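Below are two complexes that have chain A in common, paired first with chain B and then with chain C.
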Partner chain A sequence: MKLALRELVRKPGRFVTATVILTLIAVLLMFLGGLLDGLLRLSTGALRAQTADAIVYSDASQSSFLRSRIEPDDRAAIESADGVDEVGGLGVVLLGARVPGNGPRDLANVAVWGYELPKSGIPAPPAPGEAYADELLQADGVELGDELLVGPARTPITVTGWVSDTAYNGSGGLWTDLGTWREVLSQNRPDAVLADGVVQALVVSGPGDPADVVAAVDAANDGTYALTIDDAINEIPGVEEQSATFNQILGVTVVIALVVIALFFALLTVERTALYGVLKAIGARSRTIFGGLVVQATAVTLVASAVAAVLVVVLDLLIPPGSIPLFVSPSRIVLSVVLLLIAAVIGSAFSLRRVLRVDPASALGN
Partner chain B sequence: MSTPALQMSDVRKIYSMGDNEVVALDHATLTVGTDEIVALVGPSGSGKTTLCSIAGGILSATEGSVVVGGEAISDYGDKELTTFRQNKVGFVFQSVNLVPFLNARENLLVVDELGRRQGKPARDRADRLLDELGLADRAKNLPSQLSGGQKQRVAIGRSLMNEPELVLFDEPTSSLDTELGQQVMELIRSEMKSRGTAAIVVTHDDRITEYCDRTVRITDGVLGDD
Partner chain C sequence: MFLALKEMSRAKVRFGLLTVALGMLVFLILFQQSLQNGLLTSFVGAIRNQTAPVLVYSVDGQRVIQGSIITPDLEQLVTTADGLGDVGRIGQGTFSVTNADGELTDTTVLGYEQPLLGAPAELAEGRYPRAAGEAVGASNDADAGFGLGDTITIEPSGYEITIVGLADDVQLNAGATLFVAYDDYVAAVQSANPDAGTPLPNVLAAAPADGVTPEQLVANINGLSDDLDALTRSDAADETPGVAQVQQSFRVIFLLYGLVIPCVTGLFFLIITFQKSGALTLLRAIGAPARRLVTSLLFQAVLIVIAGYAIGLALYTPLSQRRLGGIQLRFETTAVIVWAIILFVLGIGSSLIAARRVLRIDPIEATTGGANR
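Moving on, here comes the complex of A and B:
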């Protein structure tokens, strides 16, 4: 191992090509992962902010808020169910909002939410006509105290506070009380008007774990179904498709890293066959030599990952907020590094057979 | 009487080449005393390297018995042979073959890193050997910064790091000019004799046999004394 590390330190030029290529691959991996995380945050923030155990939709809704209708009778049945502690109404409508100071066609995409129960990072509902706005809307020029004119009916909503990471379907959230949301809905989406007491969905908490709450709700009422928050997030249209597509691209990128490492160390092994023969002749075991290769592959990958992480963080700082949905997180960087390290170990393992086949007898007579 | 450094008795080595068999070593019997230096002389393809490889635990004999420093190695598997090579034999190769990115001292210490891992005693031994070989001031030099003779001296030092019973020299002067070759052979002789270490020097150059105690000739895998 010492031998392998000394070679890295004393002959770094030999590893530059592989390190540069792996750095580019690591940047790609972290950047694509950051884009996926950013897209998912934009789609799922509102549901991830829910502290409840489950969300209840009407049967025919296909887990879409806009198609779901929960009647007061359904709500009463669920509220009285064993295993249910707290129930709150929830609804949303996606609209464009005019921001003071912006041009008439420069609309901010907003998701106007009506809610009853506080969420994670979202306090109790504000007064009628007011909203807590998602920080995402700051990129559209929204400021505290602004009166936004929402939808074609230009329903006024005043921003009285900020919340973060509550975006939904790519739109920044405006969190209002149920009455304000219902008013916005009726004024701007006459096709989707709901009667008083009717909400799109319910958030439900219980004493048990989320699966128990889901079971309790489903047992208590026909005509509705409950999902845990995690399941509801996966049911948001496009979320699974986005994740699957990006994960396939990320998987291919990791495979490319593996192939690069495998080819580089295979070439290095061929180049070193004579040296390995000598080392074996003087007592090196194959596992020692192979261990050195794995150490070198791991070290090259770690250096490439560290450089890539710095580059991606710098890139994240340089990209204007709101221009692309890039979200660089420590967990994504760590995951990328772990994947690359696995690729490094597997990639270098392709040289194992060649190392095993080096004959110490080749050192003599040459 | 002390145990001989090498006792090969009736050793055969046969290589299979498809349907044919090639006898590389044919009923070879050779004994090398504890501080004896034996020149093994023969033309290319005569079996010199095969004999050295078997004596050094790199190859296994097809038949016969091989005992090095009292340790019978004929039935050893790969792992046991590797341990044997770490502890009992030293090698000096034809083309020197130092590790290019290690300095002279580290090239000696690599034997310890691959084998017994003694630490400080090994470092002290490496320094002592470099001093004896006249390389104390070259300890930090990489092989690329050493002359041919200096490289060969480092290789000799490496072969002595594990205090071997037997050192195998594979044409140690073939890449050196005559004068340097003679100096290296004088050094080999003095180092082996001062330590009481046995050596086999493979060569096809009759001039270097005068530095050896005895010359053994090999032709077509068959040994014959001078």
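Moving on, here comes the complex of A and C:
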């Protein structure tokens, strides 16, 4: 191990090119992963903020808030079901909002939510005409106390607080009471108006686990169905497809890293065959020599990953808000590093056969 | 050449690993190229391939058709624009429908008033709607329960629409898309939501008068009000939110993959050349011309790049015929040719560093052992 580390310290130039290549691959992994996280974060934040056990949609809604309508009778049936403690209405409408101080064509994309029950990080509904705004809207110039004019009808909503990570469909959330949301809906989207008492969806909590609550709701009422929050997130159009596609691309990229590491250390092993013969002749075991290779592969990967992490963070800072939906998180970086380390260990194992085949007697021949 | 091939056959693992690495990189690049093009086509194909030269959004819509609402005042204002030839309404909604296969699925319905202002520009099969309850569908969705002659039922109302024509690349929002008469769109909205009032048009489709260009008409309409956002057809497609983000994201990804390929190839041949420097010096000392050694090295590089590209292409071809969710992938011939040229140049170019090293070999070093220093 010492010998392997000493070689890294004394002859770093030998490993520079491989480190550069691995850095590029690590940047790719972290960038692709950050892109996936950013896309998911922008479309699922509002649902992840829900503290309820389940969300109830109408039968033909395909789990779309905009197409779901829960009648008062449905709500009454669900409220009276065994295994249900708390029920709250929920609705959303996507609109443009005019921000004070911005140009007349410079609108912010907002998702105006109407809700009854507090969520994770979102307190009880504000007073009518007020909203808690998602921090995402700060990039559009929204400030605390601003009166936003929402939609073509210019419905006024005053921002009274901030919430974070509640984006939906790429739009920053404006969390209002149900009455304000209904007013915004009726004034701005005549095609989506809902009668009094009708909501788009219900959030439901119960004493059991989420699956029990879902079963209780489904048993209590026809014409609606319930999903756990995780299932509701997966039902958002594109979420599953995006995750599957990106994960496959990430998987192939990890395999490429593995092959590159295998290739580099195979070349390195060929170069050192005579040296390994000498080491074996003076008593070094194959296990020790191979261990040195693994240590070097791990060290190269760690250095490449560290450089890549810095580069990705810098890239994230340089990208203007709203251009590329990149979200760099410590968990994504750690996951990428772990995947690369696994690839490094497996990749360096390609050289094991050659190390085992080195004959100590060859030291005499040379 | 003989020496080059002999060396490759004796070091199968090393050359094999390089070929596999290049093959997978090529596969990823081509696959992502198809993914990008398929994504954009299924996302805004309905805008790009419809007949209206100019689309007028409300500024509130932020260039999303469904998000835009044209109020009666704005609609009236547009009709007064200089250079306006003709104008018609377009409405768009996303509905839950039961397709011909009996599956409940999401479908975008686009309603247009006049065929020359919002209908698909060309049909691949069938005809345009002539009666109520008829639609043109996207040929990409034909195998997914949206084929010619299929009847689609809007839920939960049961409103039926029959597909009488199919057009290529006219999807919107990466899902099944139907073009219907505007009145059918209104009926669909009201059937799906009984509480809904009469929907306002989402955008207006406009055509310039004779002698007026679409760009001039766009400027004239935008000059009427800050609440109007007119765009030419291609601008409307390109500036749909998300399109630029997708293009920028893929640009960064392609750049990184494009950088990895010459790095891997260059590093490989540099190390190989370094390892063989003793033998190469000896060959030079016994009279082998430097050109022959360089040719041999480049021959190997060419062979590796071609083999790697062939592997990548072989992996990509079957995948390029598939459908990813609502996105129809397709074999991108132009991308295959362009990337072949780029990667060939990059791959061979990077191996020139190794070639330079070969050219610098001094045959006299065979007598001094300098080649092994």
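Here is the rule we use: the second predicted complex is superposed on the first by the 362 of 366 C-alpha atoms of A that agree within 3 Å, B and C clash if a C-alpha of one lies under 4 Å from a C-alpha of the other, contacts with A are read in each partner's own complex, and residues count from 1 in each chain.
The working rule: a residue touches a chain if its C-beta (ideal position, glycine included) is under 8 Å from a C-beta of that chain, and two chains touch if they have at least 3 such contacts.
These numbers were taken from a predicted model, which means no experiment stands behind them.
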| item | value |
| --- | --- |
| Partner, of chain C and chain B, that touches more residues belonging to chain A | C |
| Partner chain(s) touched by A:256 [first = chain B, second = chain C, both, neither] | second |
| Chain B versus chain C as contact partner of A:341, first or second or both or neither | neither |
| First (chain B), second (chain C), both or neither touched by A:215 | neither |
| First, second, both or neither for A:77, with chain B first and chain C second | neither |
| Partner chain in contact with A:306 - chain B first, chain C second, else both or neither | neither |
| First (chain B), second (chain C), both or neither touched by A:62 | second |
| Chain B versus chain C as contact partner of A:283, first or second or both or neither | first |
| Touching partner for A:352 - first (chain B), second (chain C), both, neither | neither |
| Chain B/chain C common contact set on chain A | none |
| Residues of chain C defined as touching chain A within the complex | 11, 13-14, 17-18, 20-21, 24-25, 27-28, 31-32, 35, 58-62, 67, 69, 71, 93-96, 104-106, 155-156, 174-175, 189, 192-193, 195-200, 226-227, 229, 241-242, 244-245, 248-249, 252-253, 256-257, 259-260, 263-264, 266-268, 270-272, 274-275, 324-327 |
| For the chain A and chain B complex, residues of the former touching the latter | 2-3, 6-7, 10-11, 274-275, 278-285, 288, 360-361, 363-366 |
| Partner chain C, residues of chain A touching it in the complex | 17-18, 20-21, 24-25, 27-28, 31-32, 35, 58-62, 64, 66-67, 69, 94-96, 104-105, 107, 109, 151-152, 170, 188-195, 198, 237-238, 240-241, 245, 249, 252-253, 255-256, 259-260, 262-264, 266-268, 270-271, 323-325, 350 |
| Residues of chain B that touch chain A when the two form their complex | 48-49, 52-53, 56, 58-59, 79, 82-83, 85-87, 90-91, 93-95, 97, 99-102, 106, 110-111, 113-115, 158, 162, 168, 170 |
